[in-house]
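The structure is given below, and queries will be raised subsequently.
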Amino acid sequence: MKLFEYKAKEVMRKHGIPVPDGFVVSKPDEIKSLPGPVMVKAQVLIGGRGKAGGIKPADTVADAKKAASAILGLNIRGYITKQVLLEKRLDVVKELYLSITIDRSRRSLIFMASAAGGMDIESVPEDKILMLPVDPIIGYQPFVGRHVASFLKLEPEQAKRVADICAKLHELVVEEDAELAEINPLVITKDGKVIAGDAKITIDSDALFRHKDYESLPEDLTPLEEKAKKLDIAFVQLDGNIGVIANGAGLTMATLDSINMFGGKAGVFLDLGGTDDPEKVKSAMLLMSEANPKVILLNIFGGITKCDTVAKGVLEAIEAKKIRTPIVARIKGVNEEAGRTMLKNAGMIPAYGLSEAAELASKESLKVV
Amino acid sequence: MAIIVDDKTKLVIQGITGYQGTYHSQAMRDFGTQVVAGVRPGKAGEKVNDIPVFDSVRDAVNRTGANTSCVFVPAPGCRDAALEAIYAGIETVVIITEHLPVMDAIHIVSVARSRGVTVIGPNCPGIASPGKAKVGILPNMIFRKGNIGVVSKSGTLTYEIVNAISERKMGQSTCVGIGGDRVSGTNFIDVLERFQTDKQTKKIVLVGEIGGTSEEEAAEYIKGNVTKPVVAYIAGRTAPPGKRMGHAGAIIARGRGTAESKIKALEAAGVKVAKIPTDVPDLLE
Amino acid sequence: MKLFEYKAKEVMRKHGIPVPDGFVVSKPDEIKSLPGPVMVKAQVLIGGRGKAGGIKPADTVADAKKAASAILGLNIRGYITKQVLLEKRLDVVKELYLSITIDRSRRSLIFMASAAGGMDIESVPEDKILMLPVDPIIGYQPFVGRHVASFLKLEPEQAKRVADICAKLHELVVEEDAELAEINPLVITKDGKVIAGDAKITIDSDALFRHKDYESLPEDLTPLEEKAKKLDIAFVQLDGNIGVIANGAGLTMATLDSINMFGGKAGVFLDLGGTDDPEKVKSAMLLMSEANPKVILLNIFGGITKCDTVAKGVLEAIEAKKIRTPIVARIKGVNEEAGRTMLKNAGMIPAYGLSEAAELASKESLKVV
Amino acid sequence: MAIIVDDKTKLVIQGITGYQGTYHSQAMRDFGTQVVAGVRPGKAGEKVNDIPVFDSVRDAVNRTGANTSCVFVPAPGCRDAALEAIYAGIETVVIITEHLPVMDAIHIVSVARSRGVTVIGPNCPGIASPGKAKVGILPNMIFRKGNIGVVSKSGTLTYEIVNAISERKMGQSTCVGIGGDRVSGTNFIDVLERFQTDKQTKKIVLVGEIGGTSEEEAAEYIKGNVTKPVVAYIAGRTAPPGKRMGHAGAIIARGRGTAESKIKALEAAGVKVAKIPTDVPDLLE
């Protein structure tokens, strides 16, 4: 779960990382006074807001209201700006990059740091980036922060501050279950302070059970995404016309790949996860009917449940919502034959294998109605 | 031969009294696994499918000689359960639990590696050596004894491919579902290394998916170390970039970890890569 | 550094371990009201206070004052009682034993638990004690507390509470750098509570640099012990008449063993630690002269410093205090010969080897004056 | 041969700019040790006794190939320094620092063991293989090359005994001062195991002291595993019970760890035990 910049900075402040003074508003009228010259910054969960006009300076309350008016409601790469952060402007001498994230290969946390901060880290040449894994058995120790500071070639006083921020950022990541904490730029100011110019934090959504305080944060979801989320079903909107329901991420992707092979195009997919729970299959069918695809392709590989039981769930959903969309159904597992017969009798197009199902669905989707 | 689980496997099931634990304890038995114990704190003395339940893994190990554990404990208690197994001297811990926080995965995996303990998962379907033992939730009916080693990041997609292999009258030595989470106890390379030295295994199937770089690393490893023929399938060739595909392994980011980069790396290592899963058996022949 | 019971309970309360309500006084007049029937308990850093009359019940303020008067000033195995703790009396149903300490062989922390609480743990048979090491790489995990509770065979509710106390006790030990934290008895009360009846905590004195709050705790030291402590010299009072100064614990003990072989007996010894710093040797000589032994045996094995430099320090001390006690001196290392000549010229008895030195000092100590 | 340190040792000194670090860097060189680097954060580029100083052990290892570290960093920074060495890939870490909190010792030692790194100390005088290398603060002048392996919990007492051996024209293969703290990286058994397999070592001297049970455990080990002759001395036969004798190793508690119990155990294992340290050379002849 990505946090808005203002929230991420709140979390950083809580863990002792210096951030600029500021406040967040959702209406220009809420701006009553300023802590000095400020930047007005769109709060959206996507990069590139600067280029999109989402960041403006302001020296007076009137200026700030004007800037906020311009930014609030702005559509930044598909995200509507609902809040702006007004933040004391920094006297920037130097911009660094500092982050911690997960290193999958090493199976550990890893620090990334660069003296070339302020820009997209992907555009910084590799030899200008320090990649320093945190050995999980050794844990964070002061030498890690010293290594980072030493790589950045700073004055002794700033080196100490950066090392200290490393310790706090690591503490933040561990205590808050963040899978990413990024400060870009980490600003060195004219008066020698080291302060987070921007802040990105992504909380591991699997860890929310121990961070109840994050659960109420607003998320920008469409009504269907909202429903899917409640059902713990992955819902993704695409630009084709076949609605795919499958169980398991890999199988879902393999289904898309197979459709593609036969010239079809998925318009939306629902991934139930590794389950074949008939109730969940039923919910997914109901949800899918709301997405209104031209064809539905159901591909369930059974584990625990028998195929006829799953088929029964599917039929109940069709019945309940009077779904008339053509459905290609492939259910694999125990009592396969019985399940298939039930689906066929209900007017669905049954398939034996994955490629057969993909082919049938693709053909159906290409039919001129 | 086979790898990791076989007829010497003596299994304790952690979280045996839950729905999954109870169901799969029987399914594993039916597969031929020696299921010697279950664990559920506070339920010592009870039985599930005739399997004795203990308060702790320590008690289960002391009383039954269990050497392998299968963890069904839900995410909030999973780290504790896995570490309890390692503490008790279990040699192989298979973690079925999904939605494990990544910090917990790092903790479990780092402890396991420092102790020489094999962890498979989290968020994995488990491992099966047909004719010997199965630990996990893979459906029994899809397997057939043989000499193909299967290693896969995926769950149901593994079933699909194993099923396709078995339908063509080829069988498996061992099938390892390593799970698709960002941090896994066992990765492709760990399994490839074992398949390479396993006498029963003659050919290898690798099932990957977009996201991460473990397929690229596997390709590099195959080039230098694996002499047995390898067939691969990478799911997500046509997946939309930047979308979260259901689990954390499947995020495309930073221009790395795309299907193209993986397929290219594998082909450069001499691996035949199938376009769709059902092509895998053709490439094995 | 051992904490008094009241202080140990304060620390336990801070970490969420239930302890009885109570307060500490150093004069009976300070008792103004009671939280109910109480126990009045001598605060001394030694066991066996119960048998010595250091614990008395009291139901009223008058009773409590009387009990406090009786206990305050009491000499318990050499320790004078300066404070008493008045603590709400518990309705005891069961007494358990629970502690964490260092397991040297396993190089880890270890839990010890027994259902036979309330008595000296050394008198409990081994099979009635659980010894459960905490694997330092795994760390404390909830299963550890469950194992302890399971061994104690408790009702589910009490088992949960004991497991919870285990977690908190471990947290206490790690955060406070305790080398021992013991609750004996851990009481189960009539109303089902689990509460620390007594509390012993020893803080690792090497870790005091990160626990400034403990440094001001009072310690019962003689003036000479106080001086030695300030100089970081180990000072031990024994019952013989030879004053031994050596550098290093092992060498000091070996010196005592050697004296013993020749019939001598040490009356006090000073261990400088592994150093041969001439300043420290000089301080030790001055300190030793205050202890007034019949003979002084100086046994310094030099590492960094040259022997003549050490000898110079010794001579300065003798000069400064006009020390007239016979001194057997053995200084080993570089420039040994020069050092020995200096000492001999100043009237000391020089020795070459350890056994020679021990023999000479013993003989000197046995002389009838 | 010799054990742990020898002519392949390439040493980095952590805390080289302090008094002890500076003094002993020269003394170790004089002994023949290849001292390749020093570390002191913020002092990179300086030199101490002509030895280059680096900001971190990582830099020192990368630039000089150091494989062994000697830690002089005071207690508050010692855990950090030792773990930094392990992180940087150092194989042997000798910790001279005294008054290290026991929790820090547990942390360092558990990490080291899980990584296969040898830690000697804390609070130890170090290790010397005469004619090859010395790491630590043992005085150079007492050593003589030979075939007696010495392992000791004590500092200056070790000097006493090594000196007595050398004065009798016998010499040492390696002398290991393991330190007398309650938690040490290397204990008697670890060293005995190495002496047993070391070809240069013909006889072994073990110097113990009251407190703890490591001498008893060593006796048990000797009985089952050591075929070379062992001579021992246990300091503190006449020490007063219950008194703290200067360092933490020397507390008599719970009726175990007394000189009697140690001597009895060692003698039962066929070890000759000296009454006073100067008897050790007699028993070696």
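The letters A, B, C and D name the chains in turn, as written, and every chain counts its residues from 1.
The definition used in the following text is that a contact is a pair of C-beta atoms (placed from the backbone, for glycine too) under 8 Å apart; a residue touches a chain by one contact, two chains touch by 3 or more.
None of the values given here were measured: they were computed from a predicted structure.
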item: Longest centre-to-centre distance from chain B, chain (CA-based); value: C
item: Of C-D and A-D, pair with higher C-beta contact tally; value: C-D
item: Cα-centroid distance, chain A relative to chain D, in whole angstrom; value: 53
item: Chain B and chain D: spacing of chain centres that average the CA atoms, whole Å; value: 45
item: Between chain A and chain B, centroid-to-centroid distance (C-alpha), Å; value: 26
item: Sequence positions of chain D contacting 2 or more other chains; value: 111, 114-115
item: Sequence positions of chain C contacting 2 or more other chains; value: 135, 137
item: Overall pattern in which the protein chains touch one another (line/ring/star/complete/other); value: other
item: Set of all touching chain pairs, with the criterion as stated earlier; value: A-B, A-D, B-C, B-D, C-D
item: Chain B - residues contacting chain C, complex; value: 41-42, 44, 55-59, 77, 79-81, 83-84, 86-87, 111, 114-115
item: Chain B contact footprint on chain D (complex, rising order); value: 114-115
item: Residues of chain D that touch chain C when the two form their complex; value: 20, 23, 75-76, 98-107, 109-111, 113-114, 125, 137-139, 141, 152-160, 163-164, 180, 182-184, 207, 209-210, 212-214, 217, 233, 235-240, 243-250, 254-255, 275-278
item: Chain D contact footprint on chain C (complex, rising order); value: 102, 104-105, 107-109, 122, 135-137, 174, 177, 179, 204, 206-207, 209-210, 234, 236, 238, 246-254, 256-261, 271, 273-274, 301-304, 332-334, 353-355, 358
item: Touching residues (chain side chain C, partner chain B) in the complex; value: 135, 137-139, 141-143, 146-147, 150, 156, 159
